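Two complexes are shown next, each including subunit A; its partner changes from subunit B in the first to subunit C in the second.
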Partner chain A sequence: MESDIGWWGVLIAVIGGAIRVSTPFLFVSLGETITEKAGRINLGLEGTLVFGAMIGYGTAVLLSEAWVANALAADPTVRVDVRMYESAAWIGVLVAGVAGSIFGVVHGILCSFKRVNDIALGIALMLLGTGLAFYFGKPFIQPVAPDLPAIPLGNWSDVPQIQAALRVNVLFLIGIALAFVLWWALRNTRLGLIVRVVGDNADAARALGYNVNLVRTLATGAGGVFAGIGGAYLSLYYPGSWNEGISSGQGLMAVALVIFARWNPIGCFYAALLFGGAGALGPALQSVGVTQGTYLFNAAPYLLTLGIMILTSSRSRALAGAPGELSITR
Partner chain B sequence: MVQLVHEGGGALGAPPGTTGRSTMEWLVRRAESVVIPLGAVLVGLALFGVFLLIVRWDSSRSLGAALDEVWTAFELMYTGGFGTAFSIQNTLSRAAPLLLAALCVALPARLGLVVIGGEGAIVLGGLAAAVAANVFNGAPGFVGIPAMAIAGAIAGGLWIGAIGALRHYRGVNETIASLLMAYIAIALLNHFVEGPLRDPASLNKPSTAPIADNFWVGPIPGMDVHWGLIVGIVGCVLAWILIDRTTWGFSARIAGGNVRAAQIQGLPVGRLILVFTALGGAFAGLAGMFEVAAVQGSANGSLNVGYGYTGILIAFLARHNPLAIIPFGILLGGIEASNGLLQRRLGLPDASVDVLEGILFVVVLLSETLYGRFRIFNPELRGSRA
Partner chain C sequence: MSVAEVIPVPAEPVAPAALAVKKRAVSVETIGMTKRFGGFTALGDVSVRIGAGTVHALLGENGAGKSTLVKCIMGFYQPTGGQLLVDDREAVIASPRDAHERGLGMVYQHFTLIPSLTAAENLVISRPHVSAVINWRAEKRRLEEFMARMPFQIPLDRPVAELAAGQKQKLEILKQLYLESRFLILDEPTSVLTPQEAEEVLGLLKGMANAGDLTILMITHKFREVEAFAEDVSVLRRGQLTGHGRVTDLSRQEMAAMMIGSKTIAAVVQRVGEPDRDKPVLDLDGLAVVDRSGLRSTNIDALRVHSREVVGIAGVSGNGQKELAEALGGQLKPTAGRIAVDGVRYLGTRDETRSHQVRFIPEEPLKNACVPNMSVAENLSFRTFDEDGDRQVVWLRQGRIRALARSLVERFGVKTASIAAPVATLSGGNVQRAVLARELTGEVELLIVTNPCFGLDFTAVAEIRSQIIDARNRGAAVLLISEDLDEILELSDRILVMSEGRIVYETDRANADLGAIGQHMAGHH
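Moving on, here comes the complex of A and B:
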């Protein structure tokens, strides 16, 4: 079966991988878009992503184990398994979002103090977030948590690779919907306008009577929610376990991706697919027996990000669509 | 670019003046940039104590017993880092790569660049040094060791210098680019160590071929600490002279304060960026070289243990002043050295040092807001309503 489709298998695996791998990129970049539209950059989303992965997984493990114990206490003959409790995974996603919002709001509040640099503080929170995740995450490396549900969209085909590639997670679909909602809301709603004014010209926003620091803090908090959910996807669906190497820079690449997407949520969706595909290249080649240079293929997303940054940055002209108050574009 | 170093009135100003009063004033102003970071470290340690108190809360214990445990943790940190001759040597050995890694952050920071990918330069510096050791195999030590050092410094310098070039010529954000390049560097290390350069004899831990015996960098006489510490301290002093006592450093400080003003003055901002990033990368590359030549004996995955990230914290603690990097580097070396003791005696996870470093980092950045607010350090505030 494997040999029937040969190199087509690589392409199918890359497409399937793009769908699977892109979701955390999509969520983090949508969150960062909100934050940056309000004029701040939060590099700490990498730490938020890792912490969200840990706490989402930990919540799902503890809840489902408790439910299994309950069911067994009621009827010792019943056959139960932690994997049966999908709702525990969803509660994990929720908890990860709440934890993310705390990280975001902390970043937002601390940046409101004079002379506190948002980029440097993001690095600090990145280290703190991963440190806290590793501190509390030790007990969750072994246990199994229930997975988030996926919808099989590939059943029309009888090629197992296509069926596997088109098993689409619900969070991916939610992410696409959010991208469009966010694109619309930033343009057409009062809230979107407030965020954009604060991000483009703080003085004008103050003159209009808006509390610039409050808006930015809330926007950073919203960004944290998205990053936390993205982390929960990592641990609860794909790769689907918690360990200390779970992210390795995906949160940071998502921040670079926002620049590439020109602060446009729909652009974030396309960019996330592209990055997801690049991330799936290494494992896809491995699956057809290419073992030479695995490490180099696994570095493809970093190279792609860097290449895109080099191509799309410019020394002389400001980036189109960039919020005027953003420190990295000034 | 962002303004990272906010020079107070006295910091950039004239050295001690002739009259007693202005000398006093200069000292008092300088004291601000010593007292505030030290205060931030104390607050950070206290917050870590609160963290331990909360996460290790156990309702069966009295508050006194819980506080006792926190106090024990601090005592162990002191014992493990600075309490005995052995622990001091352990601390200094760990400080050596940290000093060099911190310079990789501090030098570009004087120009307003936030470079956080020093880990990449360390990793590639170590790899290049191992390759150089292989090439010069059979040569005497006084040829081989400098060759390793030069190879490491060049590899690191080119790697971080490239980030400076991308920043200057293409306007690529250096913070994100440097971290991406660190991941690429780690992938390159893994590729070479497990592929083309793997020593078939290294079974459990893929490594390059071991360096020749006469290429090992020995300990400093009378101590159990390798020469990397001396190189790190000398590097910090040289970097301080460059920044504080040369025209280049002066130009860099102007550009770091206001890049437009520097350009209008005709200062070579581009060349400054290239030199400072490459120099910082060269120091980090040397850190990798000493890990290979004095600790590991070959290039392997142990090059990638996070010295670069601790170096970021040290540089910010030192407010990017190379001389201040020395004490803060030793402090952090001590904290990391004591981690094993904390794990064994209190059963803390090894990530507790990461938590402590994260807390310290946040508090130090927050303390930036305090500069210029205390009347005791800022005589001009006296008399006015502060």
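Moving on, here comes the complex of A and C:
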């Protein structure tokens, strides 16, 4: 604990926290943006996130153990290459994305049936996803999986807090890039326009010859991929281990965040940073010795959700910018 | 010559607009077209020829088979029998997509635009082939070239949701031209246009038709439009072709006879007595209402409706009439101003509607004035089920509710299988009759009516208008909000025009001038 930077430490820690904590928010909210732009809400992303965390972690653990065992069997004196661990972690991310896409596609297909409500189904899938993750994840609570690599962007400074805060994970950078790509794609590509058409006026989309249910199913599948990857980030980088309390509702908050961001991918990025920073506030204050009210500060993201919802609400106005087919706005 | 004209852009598929110059109007002919749904013949042996480059009106009441015929042409339905010729060659049209490929396009009554997309995005995405990445600079340039050739303009880079209804209708037509439809079906095109806009749009389209670029089939039930714009007319009744010919050869009486057959229509009841100018019933003062999107505000500085007076509010849909009606009905809370009934502040509670005898006939009554899945009897009792004289009741008296329902159903001629049937099973006209029966029973001091005859046939229209005039003759103050100008002219003692959320014009019955009303509806004032 460096005393000479004092309260600046809190700010630096909040910024660092914002970068570390925001990544899962960013991925889940980008995924949910795609889904909601197509006209459905997938509340199951919380379950997808937890399942992604578990399966990504499990894959990385099993792969790295198997590879190391293989290498040692061939040559007991070999030094294990660190890149082997990194590859295992990346494959974990990939597997988490694939698992997420399965959850998304299941949601999409089931919602294509008449009288299936997307919100109720989402809650069911949320419980199913976490349940499956807890069930299959039991053996992975103890072992340690390799971490995803981080890029040290803070080496220009000799203040260790700044160095720590600016160790940026590659997924965070990918997330930013995706936010901008998505923002661009929604207005400049055929697929983007089709997604918006389907989400805003299903009848018109049918009249234009598009298969509404197919587009929505694929959009929900894509959203699932994003959420699965967000989960893998949780278990493979920060906090960096698998346990049952790993998500603590981040998947659900990310859904709220999409509304706060007005269905704008770049807005999602800023909102994710804000939520991430709020999530880092408690630990940051603890690190400078503020121990009173820790639990309250830890609840900052949840209070922020409530506060934002109240502040941006209006008694008379409908949600501006909401896709016209969403069941909450219709 | 610009660079763009010299260097061809090879990668992109050629925009249809670029080819438009080469294509000419096409003719369409049906021969013995028949469509049956089970045992019901919606369309029986209809043969109509719509010549290339003409404007052809398809006239008929609701349910006469106009939509069925058009849907068979457009490939939404497969006809049970008969042939379709496009440009004198037999054509099998299995889907709307086939129809588009042959240059047949349709402008629907409900909009098929996507509200959050801009006009440019709507046009581009409606094309059958769109490149994976859209080069907006090139698209914008082509769209501007296209618009330069078009007879009317609309802003391209604003979300469609912000356009007025008339502009949306124009955009729908532009979309069909952009997709280079050479045969255009217009479904009740003037329902959202002011008389001047209708004149402009239909006149320009007629010009394109006469130049040989376009053939137009216009669905309508208004004689005025047939006479003003069409060269030929075909009339349908109950799925049969009952007449056709040159418009100039037919009189209104002849067309009406073809349309409604031999049945006689009761004339609307005569108005009796003069408005009671000393007795204002409804009094609005500085009323301001903001719509649900929060974007448009409606401001009524002053509006009075007297006893034994029908005040008609004319205007194109979406100019604040809905907000006014909802404020009066207590559905929207005014942001400023005062509503008074009988000189007392009125907030729309059940007690107030009861003590002042205020009654409502909102638009889309099944949605706004009924609980669709409850029975006809229950729906008819909504005004009275909870009272017994001056007391509130605890236990419902089913016998009384049923007796009331039976008497109303008989008196108002509501056709229903049983009073226990859900009101949603009734036809549109009968739902309207049921609501009217409920609202007009007992003493009525103030009646607020919105589009009461929308989508109803002649017979029902005459009955319902008679009921409204009857209520007026008995001393009720009536506020009639309608998009049907003919209805306003027929029923009102005084006519107001709403445009852009304000009352912009007022005239009494005797001095009503259609031209002036139309101009104010269009916002030229």
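The criterion applied here is as follows: the second predicted complex is superposed on the first by the 322 of 330 C-alpha atoms of A that agree within 3 Å, B and C clash if a C-alpha of one lies under 4 Å from a C-alpha of the other, contacts with A are read in each partner's own complex, and residues count from 1 in each chain.
Heads up, the rule we're going with is that a contact is a pair of C-beta atoms (placed from the backbone, for glycine too) under 8 Å apart; a residue touches a chain by one contact, two chains touch by 3 or more.
All values reported here derive from a predicted model rather than from experimental measurement.
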item	value
Subunit B versus subunit C as contact partner of A:Pro323, first or second or both or neither	second
Partner with the higher number of touched subunit A residues, subunit C or subunit B	B
Subunit B versus subunit C as contact partner of A:Asn201, first or second or both or neither	second
Contacts of A:Leu252 with subunit B and subunit C, given as first, second, both or neither	first
First, second, both or neither for A:Leu193, with subunit B first and subunit C second	second
First (subunit B), second (subunit C), both or neither touched by A:Arg79	neither
Residues on subunit A lying within both footprints (that of subunit B and that of subunit C)	314, 316
Residues on subunit A engaged by subunit B in the complex (per definition of touch)	43, 110, 113-117, 119-121, 123-125, 127-132, 134-136, 138, 248-249, 252-253, 255-256, 259, 292-293, 295-296, 298-299, 302-303, 305-306, 309-310, 313-316, 327-328
Footprint of subunit A on subunit C - complex, ascending	96-97, 112-117, 121, 124-126, 128, 130-134, 136, 290, 292-294, 332-333
Subunit A partner contacts - residues on subunit B that touch it in the complex	2, 4, 6, 55, 114, 116, 166, 168-173, 175-177, 179-181, 183-184, 187-188, 190-191, 194-195, 309, 312-313, 316, 349-359, 361-362, 364-366, 368-369, 371
Subunit C-touching residues of subunit A, taken from the complex the two chains share	187-191, 193-194, 196-197, 200-201, 203-205, 207-209, 314, 316-318, 320-321, 323-324
